[in-house]
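In the two assemblies presented below, chain A is common to both, partnered first by chain B and then by chain C.
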Partner chain A sequence: MGKESVLLPMVGKIVSVDVATGDVVEEDQQIGTFESMKMEMPVFSPYAGTVVEVTVSKGDVAEADQVFCVVETD
Partner chain B sequence: MSLAELLSQTGFLSITWGQLVMWAIGLVLVYLAIAKEYEPYLLLPIGFGAILVNVPLGGMIADDGLIRIMYYGIQYEVIPPMIFLGLGAMTDFGPLIANPKLMLLGAGAQFGVFVAFFGALALGFTLPEAASIGIIGGADGPTTIFLTNAKASHILGATAVSAYSYMALVPVIIPPLARLMTTKEERAMPMKQARPVKKRERILFPIVAFLMVALLVPKSAPLMGMFMMGNLLRESGVVKRLADGAQNEMMNILTLLLGLSISLKLTAEAFLQWEVIMVFALGLVAFSCSVLGGVMLAKLMNLFLKDKINPLIGAAGLSAVPMAARVVQVEGMKANPRNYLLMHAMGPNVAGVIGTLVAAGLFMTLV
Partner chain C sequence: MVDSREKLQQIETLRAEIKQGGGEKAIARQHQRGKLTARERIDRFFDPGTFVELDVFAKHMGRDYGLDKVDRVPADGVVTGYGKVAGRTVFCYSEDFTVIAGTFGEMHGRKIAKTVELAMKHGVPVVGINDSGGARVTEEMGALSQYGQLFFRHVRASGVVPQVALIMGPVAGGQAYSPALMDFIFMVDKSSHMFIAGPPLVEAIVHEKVDEQHLGGARVHATISGVSDLTAKDDDDVLDRTRTLLSFLPANNSEEPPVVPTEDSSDRSLDELLDLIPADSNQTYSMRKVIKLMVDDGNFFEVKKDFGQNLIVGLARMGGRTVGIVANNPQFMAGSLDVKASGKGCRFIRFCDAFNIPLVNLQDVPGFLIGTKSERDGIIRHGSKMLYAYAEATVPKITVVVRKAYAGGYLAMCSKDLGADFVFELPTGEICLMGPSGAVNILFRKDFAKAIEEGRDPAVVRAEKHQEFMDKYVNPLYSAGLQHVDDIIDPRDLRKRLISSLELCRNKYDPVPPKKHGNMPV
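Coming up: the complex of A and B.
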């Protein structure tokens, strides 16, 4: 058990957030979408566990390495 | 006036076979632009232009004809550099400044330019023609037009249409070649996050880069100068209206003028030559070899680098911005869903533009 942060891979605008606090996610599950240079790309969770905090919302302009959400691993 | 005389005043009796063929080519370009969205911003005006100039008695290309007058913008080499001003205002050199090694990949992807150049010479094209055909491999429309106008303007229709057609096909051309040259492990390799770039670096880059390139290859100064000027507008942060105007309104108007002007070289007499087929064939060779050159150089660099680079980003040295970088992102993600190469690929991508400018400058000087 531990809390892990899912980071955004590059600067971009959040197009969708597909998880909410309390959701259970699998490793490599798509948890959102962001857009950079007019190209939409998925955000995957590198961890399996429960989402305990979502730190971005749709429409945010986020920096690289900004925390997307926090997952408590099993 | 008799009926026959009346009829002769219309275009119907004066249509030639060549003109009909050009209508067909124009319609194909219009179709590709609308139905397939192949470079629609250029192929739509070029396609309609091909029909426009092949209407008999229309006088579009007469000395005082509309298209002829527009073409002065290309002939006097004004439109291509001004388009570069807009491109500069759009371009983020951050990934390149953060990782200047990637500049080499932009050079590696000029491989196709020289392969096609020597190929064209071997096929009997003259030196100036071969240079204009070779530069297609830089995947840069305005540069191709700039160089061809200066050196071999009689084949400008062929080189321009070939360059823009293959640019539209970048998502088709890059993947098989890049896959051929790399293993799945290589394509799956993530890259280290680039460092953040300071504002001062962003402002100094266009000034220093211009001086270096223009002193090295003076003939590249018009294109490089406008490219870097546009970028300085963007990065200075104090002339937002000019930066916006350059990349939006000005760019749109010039793109329209460029596309229509090219049609001067799309008359049946000028375009329907056997050489055109060879220009298209060599253009494809040029594009393909540029992709191979970029990927091979990336693999070569990995033999010496501590922080390895994903060889896929070498393919983005083909300077179709940002299409080539997007294709790299898609390919990298296919091999590893958590692989984000887009920003890394932008480095070689914008370096490729500079590389093509330098290559064009060399041809301007030496040929």
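Coming up: the complex of A and C.
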């Protein structure tokens, strides 16, 4: 249908990226982890589809609203 | 002379014609778009055979630009009336897109405004099904004025009867403010959109190229703007979920919500809860799981799920009675309260208060969101809405400190000071004036400097002092000792204790000083 960006909710450090380009994800699937405010928090994909681009790496310090990955929706 | 039987026959023939809406071709196009027609929606929404239509013979007022030649616009493009939902009366209007695109003309507007007025007068909920191309331009002031009439009635009915808007097609222009003035907005994924100006106007005026879904589709309003409360997958789904929502609500503000008996015992022990909440406060867990464990039959009707996700709000029942649940979500922004979450929480709390729905508040909050962005977004102005809404609410308010309850967050999630009737703390609770690390940094800064001078490891000293501080101030025995919490409870007894307190609060009387209305920060 279209390309949708998965955004990070707040500033934080990327702890893990659990998807790669080409992976198929379901809605609300956990696709990574980031750390902020002394908490490790899951990153969920609000979209079902195929990951077409991953824009962060483990260890990156990300801004609020930074794109985590891009999902081509079904 | 036409005899009365013949006259009746003529009228019934006309009625049957009107009920065909825009005719076969237009109906087929509506179906191709994945949408039911206005009347099919009504049939599926109400209990079979209970719908009574009003103003079916309303005639359009268009006199110019060809509308004078349209011999009739069936029902003026909107079906209005009342019927039963699970045996309880509900008013409804359903715009008919098959009739000149469901456009909003003068009579169309009058019919809708009258529906809202009747709902308020008779004390029953109103559900609006929106599927309209916008204002009928040829009716000019007639349409514009009826928008105003409708908005006025929505506001007058606000807090008197529940008002629910379903967006089941386009809603464009000024009409978007009609749903906005109601209590809940449910949108259908892909087939609905809502904006004050559509893509062609946006391109012409602000030079932006965008499609309908990215401008105001269900997902945009559910995740980014926060306009929508729920995204349904299709027409049937949105109608079903509206029936479910209504099952939680009273007919009006002078009634209590209906009681729905359950087999789920009030004494049920929540064994899973004991291990669900990690003792290490840097670890997250699913607050939704906590809610589902706690409420009747695991049945939780969440709204605004994808907006301000750091706060979870929704309706459930405990011991058969409706409760509004407001809970921090440690999995998102550590559960801190930001601008979006505060607005979302405030609106939900005020809805519950208006309709006699007790509030159950689950705290795991590290505070309001700090930082440049948050301050510039106006966290002071928006965050204060949570304080205002809880202090204002006179319904029973029961708070559970699940884990963190730091700083202003503790007050903003309804501490005793904000009027909670009961506050319970789980053994994992951490009520604190500020985040413990910050407090330790200030309190023991001389000790840390001294440690460095003496060549000792400051990290070791910090860990010691942190533990000392936690033992002294940040534990349930400290807060219970000062009567800020009524009891420290075994997580397994959470359901039992909540139901017992809610029962106790049923006849709560909490008078407020006479006033027109307060001045809530918005």
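The criterion applied here is as follows: the second predicted complex is superposed on the first by the 74 of 74 C-alpha atoms of A that agree within 3 Å, B and C clash if a C-alpha of one lies under 4 Å from a C-alpha of the other, contacts with A are read in each partner's own complex, and residues count from 1 in each chain.
Simple rule for what comes next: a residue touches a chain if its C-beta (ideal position, glycine included) is under 8 Å from a C-beta of that chain, and two chains touch if they have at least 3 such contacts.
Everything quoted here is computed from the prediction, not taken from an experiment.
Once the two complexes are overlaid through chain A, chain B and chain C clash, as defined at the top of the document. Of the two partner chains, both chain B and chain C are touched by A:10. Within the superposed three-chain model, A:55 lies out of touch with both chain B and chain C [touch as defined at top].
In the superposed model, A:41 lies in contact with both chain B and chain C. Of the two partner chains placed by the overlay, neither chain B nor chain C lies in contact with A:29. In the superposition on chain A, contact of A:64 is made with both chain B and chain C. Steric collision with chain B, judged by C-alpha atoms after aligning on chain A, is confined to one stretch of chain C among 343-351, 487-495 or 505-513, namely 343-351.
Touched by chain B in one complex and by chain C in the other are residues 9-11, 36-39, 41-42, 46, 64 of chain A.
Chain A contributes residues 9-11, 28, 36-39, 41-42, 44, 46, 64-65 to its touches with chain B in the complex. Interface residues of chain C, counted against chain A in their complex, comprise 213, 219, 223, 282-284, 306, 309-310, 330-334, 336, 366, 369, 371, 373, 437. Remark: chain A residues 2, 9-11, 36-42, 46, 64 touch chain C in the complex.
Those residues of chain B lying in contact with chain A across their complex are 193, 322, 325-326, 329, 333, 337-338, 340, 342-343, 346.
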